[in-house]
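Right, one structure below, let's go through it.
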Amino acid sequence: MAVLVGLDIGGTKIMVASADREGNILRRVRAETSTSLEADLANIDRMIAAVAADEEILGMGAAIGGPLDWEQGIVSPLHQPAWRNVPLKALMEAKWNCRFRVDVDTNVAAIGEYRWGGLFAERFLYLTLSTGMGGGFLIDGKIYRGQDGAHPEVGHQSIHFRCSNPSAVQCECGVSDCLEALVSGNGIRRIYGKSAETLNPEEWQEVAYNLGQGLRNLAALYAPHVIRIGGGVAVGGGERFVSAAREAMQEHLRLVPAPQLGLSHLGYDTALRGAIALALLK
Amino acid sequence: MAVLVGLDIGGTKIMVASADREGNILRRVRAETSTSLEADLANIDRMIAAVAADEEILGMGAAIGGPLDWEQGIVSPLHQPAWRNVPLKALMEAKWNCRFRVDVDTNVAAIGEYRWGGLFAERFLYLTLSTGMGGGFLIDGKIYRGQDGAHPEVGHQSIHFRCSNPSAVQCECGVSDCLEALVSGNGIRRIYGKSAETLNPEEWQEVAYNLGQGLRNLAALYAPHVIRIGGGVAVGGGERFVSAAREAMQEHLRLVPAPQLGLSHLGYDTALRGAIALALLK
Amino acid sequence: MAVLVGLDIGGTKIMVASADREGNILRRVRAETSTSLEADLANIDRMIAAVAADEEILGMGAAIGGPLDWEQGIVSPLHQPAWRNVPLKALMEAKWNCRFRVDVDTNVAAIGEYRWGGLFAERFLYLTLSTGMGGGFLIDGKIYRGQDGAHPEVGHQSIHFRCSNPSAVQCECGVSDCLEALVSGNGIRRIYGKSAETLNPEEWQEVAYNLGQGLRNLAALYAPHVIRIGGGVAVGGGERFVSAAREAMQEHLRLVPAPQLGLSHLGYDTALRGAIALALLK
Amino acid sequence: MAVLVGLDIGGTKIMVASADREGNILRRVRAETSTSLEADLANIDRMIAAVAADEEILGMGAAIGGPLDWEQGIVSPLHQPAWRNVPLKALMEAKWNCRFRVDVDTNVAAIGEYRWGGLFAERFLYLTLSTGMGGGFLIDGKIYRGQDGAHPEVGHQSIHFRCSNPSAVQCECGVSDCLEALVSGNGIRRIYGKSAETLNPEEWQEVAYNLGQGLRNLAALYAPHVIRIGGGVAVGGGERFVSAAREAMQEHLRLVPAPQLGLSHLGYDTALRGAIALALLK
């Protein structure tokens, strides 16, 4: 049986899976990301061979950190310093002789959730809350892109926040007051001096309030039907965290209908499943 | 010559104009808004008759305050309490025997600026800064609508603001920390105890900073090519105000390209000109 | 477990199914269409109750013959004369207390094939070849609608056809030379005096040639990535018929890339599965 | 005053104009197309300098015959054999230091008619009937593109035609029965042995009938609000020709609403005016 191949290439690990045309995963493998581009690429080729298992590959898709040129398929993931201007699409299409598509991990995750996550929403926003914060916005199932293909940066909006340690709010992008600096794993570590898992209830509440303010802005500007949140911080915080964020969102939202808000249905596989969808895309 | 008729129905005044198919205004009239629906409607009919001047009317378009149902053409403009659930489209089409289209004033203004304002931008945001604050976002020239047709409410986002009188920040929507409460005419009056025209340079600077933070959020979430700002506060503040807001926006924007930002090219006629465009819409 | 409910309401039979959020069918029932609206509606209610099996219904979707008003949900299926201006959406939402969406069967089938048929194509055309001929065209997964919501009528195009009995080419719409009159079940019966199943190879070849000419027009005007064909005549004709049509299409297509062409992957359930997708739509 | 520059590069002549931001032409020049690429490019540079008249150039747009890669701006116009894989965008941007956009002439003409032709239609089709036949289809003002960016080829559809000299129906694309072979200037010359201007009323009627059949297919598949026709054959045939084509279209159209049909409002400047609009595009 011919297979689709999806890749989720992250700063700490790489996941590769094969699937049938209905998106059911057939085989999957996983490896640590190295510090060498050559090692990573060789590893990826081995992983693809392993999951393809000598079947014909119908297409491949990949999720990776930005920035990247999704049309040319040239990638420079911020958190993988060895990867700079890598012509991933050209390399993969030459090697594997099938169409290869790549996009920013949050866009790919949004597609995964939309297609395989048990939803069908005309205006859909997917958020990731892990080391950093990002999102992918789909209009009628299509990735929204802005000026010259730029993707929105939902983590780099400003909100009226609450913070018990305001001087520690400092975003990695260089600006002091981004939402990402308040609610991402790295931001939490800077502000509270510990990882998200170890936050106490009051601290979780503060993080949820700030996320809720960001959600309120997203609701006001996109007026989406559904927002789903994935990524380690969100999955770790769980339903309780999402509930608190929802409450803060709704408390600040009057004129725009509140979106349905929930955790990703695909857990840690959202980007991988999205990459499989990309592999099918014509 | 057959004509288009456009109406800008506001809380304090009503403007009606006729135009040729290229949007050139032929005749225009203006009246105060009354406190009676019947008087307003009779007035509007007289104004239409005056600008049509016995020519065939090809179509009519109107801009009015929300909320409204743009498909059914039923309007309930917030600041015109006598107008509640008025089936404006049905009334006008029965009376004038031509197609009548109506939309929220900020959406209509966005269309006016897009079509007649000397620009052609794939992602375009129009903002109004007057008594309140609103906006219309066009994707490839088409009005963006969210969940079930809801339009974004760009004035009701939260930002990390600066304010010399923070306890006076209170939005009319019921939430304390909306952008509108910081930068609109009414918001300015609450905070600074005077109208926008009489602000001193430091106060203008504070308003511009806060607008800049809102623009930064809009840039981060929509990644538009162009933002144009109209409305009395913006036109009153002029290029200097816009420059200060641009500076604050750019200072806080790293990962998304900055939009081109400027004042509306159509001054106080943006919504009226947009209504004329709507009159042409098939 | 909460369920989705999908309905495929046809001129000869009604199919109703419940499914989970991933579109997997849980229970299904089927009945003959009667000649009484009341009997049909009562039947439909019983069928829904049967497949829902006391679970909460998340939403309902339906496929039915045109014409209809998809926004208001008022239907008048041509081949069900007892159904005229039936406010199906209002009736169902009042009775079942959940969102109900309905669209023309060919549009719904297109959505079914797109979402559950193992494909993901930016430009996708679904065709039905049964008693009549119709289609649904999806741009980035969204139903294409024309002037004031009109859906394309791909069966009512004209082609340069071959026919051994040209005087029998007569479309039910009143025009003599529609494609539907050449390739649909009813058209085949008029031209060849027998049903599609009993055509001899030369007759199949003629039908395939004419379908191929229609496909060539569809390819020239839509330039789609993928065309899938369903419906009794196509499924009956099978891969051999589709191959012959593909050949005729390609022979006449020069400047536009040929689409991938194949039979529906969902067989006779395409519209039913699409109705389940509609049931999920927000 | 800063200016926009538009170019209409055709097989027999090149037109270049400068305009203000509202699209009003300021200066224009025109030259014969040569048989040398170098001569043409030098000529174009001189023409641009002439119309720019030392003003700042805000942007440039160009219409040219296909095929071309509109994103990369590499052109190979069929009827200009000296132009093969010319990186026009790169050449022009390097030379003139401003954004340059190019597209197929029929797409550009569609944009010109849409923006400056006194119309505003959600589904709009522009047709050119000159030496050959082509079209550009706009959905909400945006150029429709098919598989991998391919543009529709409306002249290469098949219709059920009438022809007094059927053996002379032969399209330049290599297929015998394209609409272009029946209604374009070259097709007319092959069939009737003379140019369009010299056709007698019966011959015009036959051409109009065939065009009407093509229009019926376009109406059935796109269901547009408005179709406008330009190009020498259509402008030469005038209102009478368009009326006869409209009649044939309506006679064969039942289930889809007929579009408003008329001649281009911009005469021979449609592509040039569209190029000016492209020059403004961000």
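Each chain carries a letter (A, B, C and D) given by its place in the written order, and its residues are counted from 1.
Definition applied: a residue touches a chain if its C-beta (ideal position, glycine included) is under 8 Å from a C-beta of that chain, and two chains touch if they have at least 3 such contacts.
Please read all numbers here as calculations on a predicted model, not as lab measurements.
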{"item": "Both-way neighbours, i.e. chains that touch subunit D and touch subunit A", "value": "B, C"}
{"item": "Turn needed to bring subunit A onto subunit C - CA fit, degrees, nearest 5", "value": "180"}
{"item": "Copies subunit B and subunit D touch via same or different residues, half shared test", "value": "same"}
{"item": "Chain centre separation in whole Å, for subunit B relative to subunit A (CA means)", "value": "35"}
{"item": "Geometric centre distance via CA averages, subunit C-subunit B, whole Å", "value": "43"}
{"item": "Contacts with 2+ other chains: residues of subunit A", "value": "122, 147, 225, 282"}
{"item": "Subunit B - residues contacting subunit A, complex", "value": "122-123, 139, 144-148, 150-154, 156-161, 173-175, 177, 213, 216-218, 220-225, 251-257, 259"}
{"item": "Partner subunit B, residues of subunit D touching it in the complex", "value": "20-22, 115-116, 118-122, 140-142, 225-226, 260, 277, 280-282"}
